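Below: one structure in C-alpha cells.
Chain nomenclature is as follows: A, B, C and D, assigned in order of appearance, with residue numbering initiated at 1 for each chain independently.
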C-alpha cells in the first residue's frame, strides 16, 4: 500500500485521487485511454451532452492565443441516447468514476437529461454546464444570472440523488454569489472555471478567426484568473470546489488545491500531452512523500494568508 | 499512436524557406503510411501552446522526414532546431492515402507545401504504378518537386513550367490522362483542392485529397477540426480522425 | 508630408496617432522619454492620481504568470498637488496630449481631483479609473456596479468641460452595459480594459506571491478577452473605445482597431521594450502604405462579420 | 540607459549550476559601475514575458560578464545560450556601490549568488583599498569565490571553510576588523542582509548592501519594487531606481 492517501471526497463522490479530466477535452474517453490508463485517474467528465445530438459549429472552431486557445465547438455531441448506447459500454470497462456533463437550452432540458442518465449505474455524478456561451434564457446567459443558476440547481437536485456539480462561468464579477446559490439549492460542489469569453481576428481578412466570432479562452493564460475565482469561493462559501483552468503540471495542481480546490480538472493540457494526467498522479505521490504529506486532501484550502 | 522524442539527424534547406528535417524514429518509421501525419510540439514551454500537424514526407529505413516552410512562430522555432535536438512527436495520426486500389496511373497534384506527403507516396508506389506529378506554386520558389517523379510544374507567374494553376495544367493534359486508368491524389491549399474536386467530378475521375485545417489535439478529443460531409448533414467529419485523406466526393471543400 | 493620416479623434480629443501609453505603465513620463520620443506618440496617460499621495502596497507587488503579469501596486502616486508642482513642468516640454488618470475612493474625491486638475492647460483629457480593485463603495467595487459608474460619470461631467474617458473593468458579464451608461451620462469615450483579477501562490510557503493576495492580470494572456470586450462595446454602443490589453506589436494594434478601437494603449509592453511605442508608430505607417490605407481611422470597427 | 543587443563571446560553467557569460558590449562596459545591473530579455517571445535583472559581474575592456545560476525558466533559457547568440540588454540600471569614500579596508560579504557583483568591485578597488572577502553558501557548491581576493569562506554544513553563516564568520573576526577603518559591502539573500544589518548597526560599521526583489521594468516606471525607507514612512523607495545599493541604515530589510 502506498504511504500517501491521494483520495478526495467531493460531497458523496469519492475519487481515488484529485486528477479529473475536464469536459470537452477527452471526448468520451476512448482516444485518451491510449495514452493514460483511465484506471489510474480520479475521474472522467464527458463532453457536454444535450438531449438531442448536436452538430456543433462550422469550422474554424479553434485558434491559438498567447499561452492559451479559444474554442467554439458549439457543444457538438452525440446526445444522451447515443451516449448510453455506444459510449457507456466502453467506459464501463474501466474502474473510474464517470461524471456526466450536461448542457441544455432550458431548465426542462437539464432536468430531462439528468432523469434519463441517472438510472445509468456507471454514472457517478453530474456536472451541470451552466456556463456555455450557447445557452441563453431571455437573452441572458444562464451562467451569468444567479437566479437562473439557482433554478437549474434546484430542479436538477430533484431529478437525481447522485452528486451534482455545477460548473460555473468566470465571466461574472463575483463568482462566490453563484457558489452560494448552488449550495443553497442543494448542489454538492462547483467546478471553477469554464472558459473566459475571448476573440481574435485575422488582420488580413478582418474576419474573426473563429466562425462563432467569440470563443472560450482556456490554457495557462487563464490560470491566475481561475486561481482567484477558486480562492474567492473557498474563502466565502463552504462548498467543495473543483479547480480548473490552465493546469500544465503537478505544481499547478498543488497551487489549485492550496487556494481551495478539493480536486482539479485537466483540460487543454490533454491536447498537448495526453499522457500528462497519468504522470501528474505519480508526481503528486512523489511530492507528498517528499513533503511528508500523508493525506493529499489536507492541502485543500491550506493557504496561509496574513490578516 | 504514441508520444515519442526523436532526434534530428540532418537538417537541409531545400530551397528558399523550405526545410527538410530527417529524424531517427524507428517507432514511427515502421508503422506510418503515406499522408498520415504527426502532431509536433515545437517547444516544451507554453509558447507556442499547441502542437503543429505535419505530414510525414518520407520514410527511409528507421528515418522519417518532414518538409515544411516557415509560416508562423511554430514553424520558425522548428526551423531553428539542429542535429541532435529531440523532436516531441505524437503520431502516427489520421488515415493516409489508399494507394493499392484498382488503377494504373497515380496522378499526383500538389500546390505549395502540399508537396510534403508525396515523396513517401512516390516511394511506396514505385514499380507498382505509373506516376505523373503535377506540382504548382505561386512562383518557382514555391514549387517543391523534392522526391517526385515524372514532374510537370505550374506557377502563377510562369517562372516555373506552365503559367497558371496546377489544376489548369492538369486540365490541359486531360485528353492524355483520360486514355489511362488513373487515380488522383491531391494536397494543397483549400482553393486548389476545391478546383481539383470540380475538375475530378466533371471528368469522372477517382480522387483522394489530404485536407488541411486548424487542429488542437490531432487525435479526436477536441472536436476542433470539423469538415462537412456530403453524405450526412447531421454530423461533421473530423479531419484528424476521419481524414486527413478523404475521397473528394465525401466532403464539402 | 506623410501620405498616411494616422490621426484619430476620440470625442473632442485629437491625437496625432492612435498609440497611447497606458496608465501605471509609464509613471509620469520622464523615464520612458529616454527610450521613446514623447513627441512622436499619440498620447500619454498618467499613473492614477488620487487627491492625497498614496504609499501603495508593501512588497511583493508583482508576479509573472504565463504570458502575463499580476500587479497590485496599490495606486502608489504622488497625489494631485505634487503632480501639478513637480510632474507637469516636465511634461509641458513635450508636444503630446496629456491625459490625467484619476482614481478615488468616493464620487466626491473623483470630482474634487478633476476640478483641481481641469484648470491645468497641459491636461487635455481625463481618464477616470473606476476599475481599480482598491476602490469600493458599499463593499462593491465601483467598476462592477453600473449605477456607480453612471454616477461617477455624471458628476465628473459637471466638473470639467474637457473630454472624459471612463476606464472600464473587465471583471463583469456585459461590459457594454457600462459603456452604455457612460454614454448616457455624457462621457466621451471608454477605455477597455483594465486588468483582470487574478492570483498566484507559492506552493512552498503556501502564501500568495503578491502581498495584496489578488493582483491585476495584464499582458498578452488577456488580449483575446480585451478584444472580445472591445468588440462587444463597439457592436452595441456608439461611443469611441480605447483598446487596451496585451498589445505586443503593431499587428495587435491593427487587430484592436479592427474590432472597434479608435485608439489603443500600450501597457505591460513598456516594461519589456520601452522603445516599442515609437517603433510601432513607424510600423503602422509602413503597414498603411503597403495596404494603401490613407486614413488609419478607417480601420476602426472595420471588422467583417457574416450575419 | 539604453537597449542594446550584445553577443556572447564565451560561456563558462564555473561550478555546479553556476554560469559565467562574457559578452562584447562596449556601450555598457564604458559606463557601468559596480553593483549597477542590467535587465535582460532572455527570449524574444512572450515566454517568459518579463526581463530578468542581473548585476554586472565584471568588466574587462569592451567586455562585460554575468554570473548566474539556473533558478527558474528565465535563467534556464539564459544558460542555454551559446557563443554568438545576442543578448537583449536594458541598462545600465540603478546606482551602484560608493567605492571611493573615506575608508581603508573594503569588507565584502556575499551569500550564494550575492557574489555576482564583487569581481567588478574587486577589480575597481584594486590597489586603492585593502580587500577582505567573506563568502558564504549552503554547501561548498554554493560558495562562489570567482574573481575575489583575500577570501574567507563559510558554509552551513562546513563543507567549505567556517561552519555557519557568513555573518557568523564575520562576527568571529570582529576584533581584527575593528582595528581597521572598514566599510562593508554586502549582497545576498534577504535573511543574510538582515543579519548583516544587525551586525553592522551593533558594531557601528558603515555598510552598503545591494538589495534584491521582484522587478518588472527595472527603471522606475512600474512601481513594482518597493522597499521600506527608515527615513520616510510616507513613501517607499524603489529598489531599481533608488537602489539596488542602499546604506543599510536607510532601509528596512
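The criterion applied here is as follows: a contact is a pair of C-beta atoms (placed from the backbone, for glycine too) under 8 Å apart; a residue touches a chain by one contact, two chains touch by 3 or more.
None of these values were measured; they are calculated from a predicted model.
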Third chains touching both chain B and chain A: C, D
Taking each chain's C-alpha mean as its centre, the one farthest from chain A: D
Between chain D and chain C, distance of the C-alpha-averaged centres to the nearest whole Å: 36
Centre-to-centre distance between chain D and chain A (centres being mean Cα positions), rounded to whole Å: 46
Chain B and chain D, separation of their C-alpha mean positions in angstrom: 54
Junction residues of chain C - those touching two or more other chains: 66-68, 219-220, 248
In chain B, residues with contacts to at least two other chains: 46-47
Interface residues, chain A side, partner chain B - complex: 24-27, 31-32, 34-35, 47, 53, 55-64, 66-69, 71, 73, 76, 219-220, 248, 268, 270-275
Chain C residues touching chain B - in the complex, by the definition given at the top: 66-67
Residue ranges of chain C touching chain A (in the complex, touch as defined): 65-68, 70, 141, 144, 171-174, 196-201, 203, 205-208, 213-215, 217, 219-225, 227-228, 231, 246, 248, 251, 254-255, 258-259, 302-306
Of chain B, residues touching chain D in the complex: 45-47, 73
Complex contact set, residues of chain B against chain A: 1-3, 41, 46-51, 90, 213-217, 219-228, 234-236
